[in-house]
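Next up: some structures, all given as structure tokens.
In the two assemblies presented below, subunit A is common to both, partnered first by subunit B and then by subunit C.
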Partner chain A sequence: MSAPASNGLLQVRDLTVAFGRHAPVVRGLDLDVAPGQRLGIIGESGSGKTVTALAIMGLLPDNARVTGSIRLDGQELVGLSDRQLSRVRGDTMSMIFQEPMTALDPTMTAGRQVAEAFRLHRDRDAGRARSAVLEMLGAVGFDDPARIADSYPHQLSGGQRQRVVTAMALVNRPELVICDEPTTALDVTVQATVLRVLDEVLDAVGAGCLFISHDLAVVSQLCSDVVVMLDGEAVERGTADRVFNEPQHPYAAGLVATARLDLLEPGTRLPTVADHVRGAR
Partner chain B sequence: MFRQLLGRLGIFLLSLVAASFAIFVITQALPGDVAAVILGHGATPEQLAAKRAELGTDRPFLVQYLEWVTAMLGGDFGRSWFSHLPVTTLMAPRLGVTGSLVSGGLLLAVLIALPLGAVAALRRRQWPGLLTSATAQVGMAIPAFWAGIILVFVFGVLLRWLPPNGYVPLGRDPGRWASHLVLPVVTLGVIQAAVLVRYVRSAFLEVLAEDYYRTARSIGWTKWRALSRHGIRNASLSLVTVLGLQLASVIVGAIVIERVFVLPGLGSLLLDAVATNDLVVVRGITMVLVFAVLLINAAVDISYVLIDPRLRAREAS
Partner chain C sequence: MSLFEVEHLTRVYATGRRRVLALDDVSLTVERGQRLGIVGESGSGKSTLIRLMASLDKPTSGTVRFDGRVVSGVPERDLGFLRASVQLVLQDPRSSLNPRMRVGSIVAEPLRSPLIRRERRQVDQRARVREVLDAVGLPADSADRYPHEFSGGQRQRIAIARALAPSPEVLIADEAVSALDVSVRAQVLNLLMGLVDDLGLTLLFVSHDLAVVRHVCPDAVVMQAGRIVESGPTQRLFSAPEHPYTARLVAAIPAFRSRS
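Moving on, here comes the complex of A and B:
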């Protein structure tokens, strides 16, 4: 359970997050992502996955208290002002959110929103931004980037919007992309497309990735390594193969069991995570 | 799009008819016989009857109403019962005064309320936000005429920076025109801004909770710039509605403020006409003001389509 060696892209040490006077929702978390590495964070709702992601991005609400250390490329992010963090956000690190239906500004075309990210960090010139946007929209699998760029969000489907959000996050070729359940809100058939696109563009850009999900199957498709979170703490970590085949912690074993329904004898009761965790917590 | 525009025009015309009828009923029901006021206490019943016939107040109600409306459609608002001048002649030079006062006041209110509303929303848990909200509450409680008197006293009398009252037409001297309008516009604008800040704050608070605001921050906008970039347009959907509704209270405020600053606007003309029971003038001015309010509110409804692309799409289908 010791944290892997540092000198990576992202290095989180002893991260603790609490809101107001409540008990911390993330406790003493360590994470490491090497350049180009993809780390999955698995856990149920309320286990602190999203709060961890938002803490790294510096997007937590004002009443959040963050302690510990978050280093990106060696730069300490904890304690930076909103202005200082805004130079990093969208440039070296970016984020893809869970809800594609509401993640885009309804009054602005998709292309302008992707262009904003580019113009903020790369090149203010509108023409060059436009060509970068069209190229990126092509990279996330649109055959007609110009039409998508000129569409308003309400004219696009959920899967299309999530690919636009992906384009926004990747247009500046960040080193770290944080994905917070990017496919959870999508139809199963669309999920596969979005995941494949994500896989391809992460490879193309060479970005490291922190992939948050409650879905072990999705994580094992995309990530080489996995951290299992329970109640704000990391309870297990290792390669995706190892955690998937030989889970050590009862909770991780429970997650695996519920994900591997193909191994069940027909007629037996479906397993739940609680079966495995009972008595272990 | 075209059909909705027609529908909105229909609502506008119907409201105009309803308003004109209400105005006529109310002014007609006002106590006091105009003939008696004009002729004084010594008038004989015969003289009173003759005067009523001259003014037309002895004819049936509906006949009077329809005559009034048809004349107005032809641009004839009647003649004052006292000065015998056409109402349009009385109103014409005053329209500009009230117009600049109302539009200047609204503009100033928006310019003050947008940044303060942003502070109140983004710093709502720190003292700048709390102070802004509290100041807005106090501002709302201040009557416009009192604020006007205080401003006149400080800037017009004590410091002598600005003329305390009076008016110079724009055509005669633009500089002095502006200097005479500063205090009235500030009075009107600040008081209206106090009301507006609360709406701006709650509209911005909604934006802050939106996912697209978080997305905007995730690509590198600071809190403030994400709000100005993505918040104002989204918030303006509810804010233009509030502004349209506020226009009526701005006009009422302007009437009071014209009195305080001795401005020769529609408001002072209206108050004078009310004082002398000059119903023709009262009706004419009220109609013009109602027309302006209804027109702006129709424009507000149409502006939704310009602000929100989703409404455009719904109309195309």
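Moving on, here comes the complex of A and C:
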């Protein structure tokens, strides 16, 4: 293996995660994200995508055994205490989850929740927090940030909630944003809006991104590079263009073929992963 | 005569003082052997429409005819012909299969229904279960196992086998592949399309995924806020949408983007 590059934002080396006495669900994974780079992780349920994200965020439950190395800005995260990690989380790195309703506290206004992240890590002053919050809510595409800030989550639509969560994740201008299926629960027209907003604010903040999705087309829109995971291992990696147009690994080729409905004659038999991988499920 | 004739169907859900107009004066016909896609976003009325067509719910006003007979607002005891002819496959096989029943008994359940038995010739239930399990590509010994022993895709095959058991004419698939991984989705769609062809079924395919609908259904209706805003050949809806909402929906489908 080549020596770790010194200019990386995130370097994951030989990451292995196991729960209790079960076999590892992530095995010997290496990942690199450069500053401002967007890396997509694709794979099916159970391939280890989400566990990888949670391991990087330090959000795995106590029975998880994590070995290997996760370096963010040169700082080793594996083995840090929860207290040390919570200084990094929400500040240098943040996460956007699939379901905005569970990520938001129903008893607090949207504005207070975005402000909480800001005051915890940046500036305790409520007035300055308020203006940072309104600015961020404007950046995620709200025309009326003040009204949104004073709304409770139940008063907002699914797409509005996911944009509030995006504002929370980006208010501290993190260097790395981890997105785990951020638009999977949304309708297509809403998904299109949220993806456009995410694309714009990641650019504006200059944040790197680890973008997890089972939807290859969504990944192709947002990410420059891609890793394909299967059973806890990376089986293919490369630029999004290369992986989506000339996948090398049989499983990756099968995954791409099944996702490209747009290339097929309607009504014809769909290609399956099993066409590419002998003995696949 | 069309297989389904839906006329001015309206459904209002009233809870306390709140009234929700879930379906607003919808008319629609489905021909025998047609594969019709019903697309729209959450809350557009897709599921309400098919629930009324399968007479699982009563309309506030309007009628549904199946094979020339009114089925809306008809008491359950008179619906045997509909239950035998129209079967559903739902989104989540985890919640649509009883975890305490063996697969054989799940698949045979429609055959045990007294309503359906009045309509269909007596069949050897065990033989029929073997037949439909085979048709969906599950091994014969699946009948003695429980749903939790199967993967998500296999469970959806069990749900399809159950739907096929009474030899229906119409299959209604409500987001039947939405909860599945793409590779499994492809297999289940291939199975579904093959069965519809081989058995000459009529298919009502409800989905929020337009790319899938374009592949499976030659015709489609687009729903928004309880109304059908546009209908026609699926290819035309994609290439030349007339209603602005259809155009928005088509434009929002994530496309593969090339960066080079």
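Note that in this section the second predicted complex is superposed on the first by the 269 of 281 C-alpha atoms of A that agree within 3 Å, B and C clash if a C-alpha of one lies under 4 Å from a C-alpha of the other, contacts with A are read in each partner's own complex, and residues count from 1 in each chain.
Operating definition for what follows: a residue touches a chain if its C-beta (ideal position, glycine included) is under 8 Å from a C-beta of that chain, and two chains touch if they have at least 3 such contacts.
Keep in mind it's a predicted model, so treat the numbers as computed, not measured.
> In the superposed model on subunit A, is it clash or fit for subunit B and subunit C?
Here subunit B and subunit C can both sit on subunit A without a clash.
> Counting only touches as set out at the top, which of subunit B and subunit C does A:Gln75 meet: first, second, both, neither?
neither
> Given the touch rule stated above, what does A:Ala103 touch, subunit B (first), subunit C (second), both, or neither?
First partner only.
> Touch test for A:Thr189: subunit B only (first), subunit C only (second), both, or neither?
Second partner only.
> With subunit A as the corner point, what is the angle to subunit B and subunit C based on their C-alpha centres after superposing, as a multiple of 10 degrees?
Result: 80 degrees, to the nearest ten.
> Check whether A:Ala117 is in contact with subunit B, with subunit C, with both or with neither, and answer first, second, both or neither.
A:Ala117: touches subunit B, not subunit C.
> Per the contact definition in the header, classify A:Ser131: touching subunit B only (first), subunit C only (second), both, or neither.
After superposing on A, A:Ser131 lies clear of both subunit B and subunit C.
> For A:Ser157, select first, second, both or neither according to whether it touches subunit B, subunit C, the two together, or no partner.
Neither partner.
> Rounded to the nearest Å, state the minimum C-alpha distance from subunit B to subunit C in the superposed three-chain model.
When the complexes share the chain A frame, the smallest subunit B-subunit C C-alpha distance is 8 Å.
> In their shared complex, at which residues does subunit C touch subunit A?
41-42, 151-153, 181-187, 189-190, 193, 208, 210-212, 214-216, 218, 234-235, 248-249, 251-260
> For the complex, which residues does subunit A have touching subunit B?
57, 59, 62-63, 82-83, 86-91, 94-95, 97, 99, 102-108, 113, 116-117, 120-121, 152, 154-155, 165, 168-169
> Mind listing the subunit A positions that touch subunit C in their complex?
44-45, 187-192, 195, 214-218, 220-221, 224, 239-241, 244-245, 254-255, 258-262, 264, 266-267, 269-274, 280-281
> Touching residues of subunit B toward subunit A in the complex: what are they?
These residues of subunit B touch subunit A: 125, 210-212, 214-223, 225, 229-230, 233-234, 307-310, 313.
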